[in-house]
Amino acid sequence: MLKEKLNALLRIDRRWIFLGLTVVLFGAIMRPLGLINKEISKDTRNAYDFMEKLPAGSFVILSLDYDPSTAPELNPQAVAVARHAFRKNLRVGVVTYAAGATGLIEQLFAVVPAEFKKEYGRDYIIFPYQPSAVAALTQMASDLYGIYDKDKDGKDAKSMPVMLGVKNYKNISLVVCIAGTQMPTYWVQYAGDKYGVPVMAGVTAISQPGYGPYLQKKQLKGLLGGMKGAAEYEHLIDTPGKGTSGIDALSLAHVMVVGLIIVSNIAMVILKYL
Amino acid sequence: MKLIKKQIPLAIVLVFGTLTLLTYFVPHKRSVNFLETMNKWENIVAAFAFFLGLINLFYSHYTKISRKADGWGYSIFVYIGFLAIAIPAYVSHGKNMDGSVLTWMGWAFKYIYNPLSATMFAVLAFYIVSTAYKSFRIRSLQAFVLFAAAMFLILGNVPLGQMIWDKLFGWTSYAISDIVDWIMHVPAIAGKRGIMIGIAIGVVVTALKIIFGIERQYLGKD
Amino acid sequence: MIKNKSGLSLVLSFLAVTTVFAATSPRPSAQLPPVTRLTAADMPYDVGGTALLKWDVRPEDTPDVLYQIYVSSMESGGWIKADEFPADTRTGDGIELPFWAWNASVREHVVKVELNNFYGEAQTTGPVFRFKVTSVKDKKSYDSQVVSAGTVSNWFRLDRLNNLVMAILVFIVFFWAVSHAKRKGLFIRRIAGLDAIDEAIGRATEMGKPIYYLPGIGNMTMVSTIASTFILGEVSKKVAQYDSTIKVPHKDPVVMTVAKEVVKQAFLEAGRPDSYREDINQFVSYDQFSYAASVDGMISREKPAAIFYMGWFMAESLLLAEVGSTTGAIQIAGTDEEAQLPFFFTACDYTLIGEELYAAGAYLSKDPMLMSALKTQDFGKLVVMVSVALGGILASLGGLMHWDPFTRIIADLFKAY
């Protein structure tokens, strides 16, 4: 009898698991527990420290290459990094190589710069979408205006005050690539390794382990991984946002996975030895 | 026919493949220009091919509807979806925002494309949970190693997991984040590097096979 | 008298000592000698536009002395400050070039001047530029003589000689292996995932259900996508032979165009050109998740008997494979995107890892020429294994014994520049 029940438990219709997860996530979003992420990962801390040390007025490239599918994880990272940059009075140039990102970028920069009274053209600039990342990254090594002569609205980029003294990688202090694609790898290969521009990245939790070798060799100065990375960065800049509010749901879902794995193994052991 | 379908394409692959390989060793301006031109050509060809894709998509769904094939009703949504984004994009001149106001396209992007796309990615979380339930069963020593590593990573990734670890294993004086760091930076990277090196060598050999016309199935065989 | 004599010598010695002391010890207000023996030349192994300035390291090169580099494109005047740095920095060992291409001497200052930063890119290669180095101490500056040089576009990257030697070696082994194959067959180990293809297609034929072949979301420039088209050719041929049905949904229109040719040819070879239909290959969407959603829908509705996932996959891998597994289809996957391998392992019956995917064309077609190329792959692995082991031991030994030049040679040999 018990064996039958355990067998049924092991072969449970996955839709019950889906339902369980839905309840857990819904509960956490409706009634937040207010969990605080105490331990900041080394990679997030390194990313924060690197930007924190940049002198005011340094030109930073934000390469935002995520589309709406990965936006729930990556948009909080982008918001946190943009806030940090503006608070440090850094100049920001936004580029993208994902067509789906253009709308998200416009929405993000309609809100965040205003919080710090930053002005378009003086403190930040948004460049148009470019389909060929490799061609753009190669061109920026010699002359950025060879590919980005105009901003997203077709205005002359070079004459804007934000671009003063910026010509190529030599004048760029940091590249932050937040992407649901392979873009961080391209930035490392074509800008970081070749021209010595410091690169850091923000990626989805699922692709985070893949960037280990780049972190080990310091080809990436720091890495934010998924919603947890966003929450950690928000904690470091002391401005809670979507990342922090998502951490409850993330926590409970993780604990649910642990619970399920343990239950399935106990059931298996009982079936095997009893 | 063989000349057009086989020999000329193979000659193009050989010449341009070899030249592109040589650009790695030749820093001259001509070599750089050549590479830039190749990049541009690739973009142009891809842009035309995209049109081809669109035509193929519309044609195949049109055939489905006209033949009333199984599930033809879904094919109507291809056209509805296309128009729901293409018309607002045309009306808004391809802009998402007009000052701080959402344009028609911005609206379609934010309230149609955004949630649909995010939903698909979110479904992944459900599949991962159910897959974890089915696959992390300790049937062998290797499976146990996998199980242990997964436990550390899952717990170490979130505050609730960290709290549980501190309660249960706080006495060991090992922080879970240290263990996660070690797993991610030592065994995980070692394995990944091995696979990466194997793949890189495979890429080199496959590239040689293509450049020298030994592997030519992608052209259709002789 | 003697007393007087010794008194005189004491005075004389005092005078002598003070004179010598005054001559050898520089006082804070002393003049700094200008830089001598300054040379300017083209930076080797580059596209052009960069000049290389060199001069000897001097005893006066203390941290409080600054060097300023000036460049001019005119015959007189027009100086632009190109660089500034403390005098105890920037020596020959700071230039990142290997030992066979560069003498990394700490006895001379070496500075790269990238002229593109100051002049239009088109004007920097060819014309002659003038340079001078100014030493600055206590707000006083001392100019060197003016030297001139032009830059050229170079034809060979000597710093990549190690890669070239390796490439030539791989070429030799490759051609040797290919010519060897013509005479004698080669052993190739079993790849279970590829052996199962026959079984999967057979099952689909028996059940009268279609076969799905997903070539991934990569574009045609990716080796995994090219490898996928090799497998598609073999699979389609078998499908045609068994008179089964195959569907190939695409994310990339270029891949679709190539796949159409491959499938058409396979049907022709199998002697069944009449069974070929244009809608076997179908473009779905250029958006990753729209593609996944659409293909998931097709799989759920049609419940195929076999599904192949071959090529480059990202986050959609599990979305597709999980839905596939619920339909009870035999699933065979192959990708070189290592982050996705765990998902395929759990949801598919067989999974090809990276290089197995590349070897699939050779394995399935049994073409001796293709199989022989795999030898080159094995040779490559052998070289990597020996290099990792030997390089690791030698570099550790060098580090332990403080043989710095030796360690540098080892590191240079294995580095890509």
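Labels for the chains are A, B and C, by order of writing; each one numbers its residues from 1.
Operating definition for what follows: a contact is a pair of C-beta atoms (placed from the backbone, for glycine too) under 8 Å apart; a residue touches a chain by one contact, two chains touch by 3 or more.
Quick caveat: nothing in here was measured; it's all calculated off a predicted structure.
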{"item": "Interface with more contacting C-beta pairs, comparing A-B to A-C", "value": "A-B"}
{"item": "From chain A, the most remote chain by mean C-alpha position", "value": "C"}
{"item": "Intercentroid distance (Cα basis), chain C paired with chain B, Å", "value": "20"}
{"item": "Length of the line joining the C-alpha centres of chain A and chain B, rounded to whole Å", "value": "17"}
{"item": "Gap in Å, rounded to a whole number, between the CA centres of chain C and chain A", "value": "25"}
{"item": "Two or more partner chains touched - positions in chain C", "value": "287, 289, 315, 338"}
{"item": "Junction residues of chain A - those touching two or more other chains", "value": "14, 67, 69-70, 100, 206, 209-210"}
{"item": "Residue numbers of chain B (touch at least two other chains)", "value": "42, 46, 116-117, 120-121, 124, 128, 130, 134, 192, 196"}
{"item": "Residue ranges of chain B touching chain A (in the complex, touch as defined)", "value": "35-36, 39-40, 42-43, 46, 96-97, 100, 105-106, 109-110, 113-118, 120-122, 124-126, 128-130, 132-134, 136-139, 147, 150-151, 154-155, 157-164, 175-177, 181, 184-185, 188-189, 192-193, 196"}
{"item": "Footprint of chain A on chain C - complex, ascending", "value": "114, 116-117, 121, 287-289, 314-315, 326, 338-339"}
{"item": "Residue ranges of chain A in contact with chain C within the complex", "value": "14, 67, 69-70, 100, 142-143, 167-168, 170, 180-181, 204, 206-207, 209-210"}
{"item": "Touching residues (chain side chain C, partner chain B) in the complex", "value": "45-48, 125, 153-157, 160, 163-164, 167, 170-171, 174, 178, 219, 221, 223, 226-227, 229-230, 233-234, 250, 252-254, 256-258, 261-262, 264-266, 269, 279, 282-287, 289-290, 292-293, 297, 301-302, 315, 318-319, 322, 336, 338, 341, 343, 346-347, 353-355, 357-359, 361-362, 365, 369-370, 373-374, 376-377, 380-381, 384"}
{"item": "Complex contacts: residues of chain A adjacent to chain B", "value": "12, 14, 17-18, 21, 35-39, 41-42, 67-72, 100, 102-103, 106-107, 110, 131-132, 134-135, 138-139, 205-206, 209-210, 212-213, 215-216, 228, 247, 250-258, 260-261, 264-265, 268"}
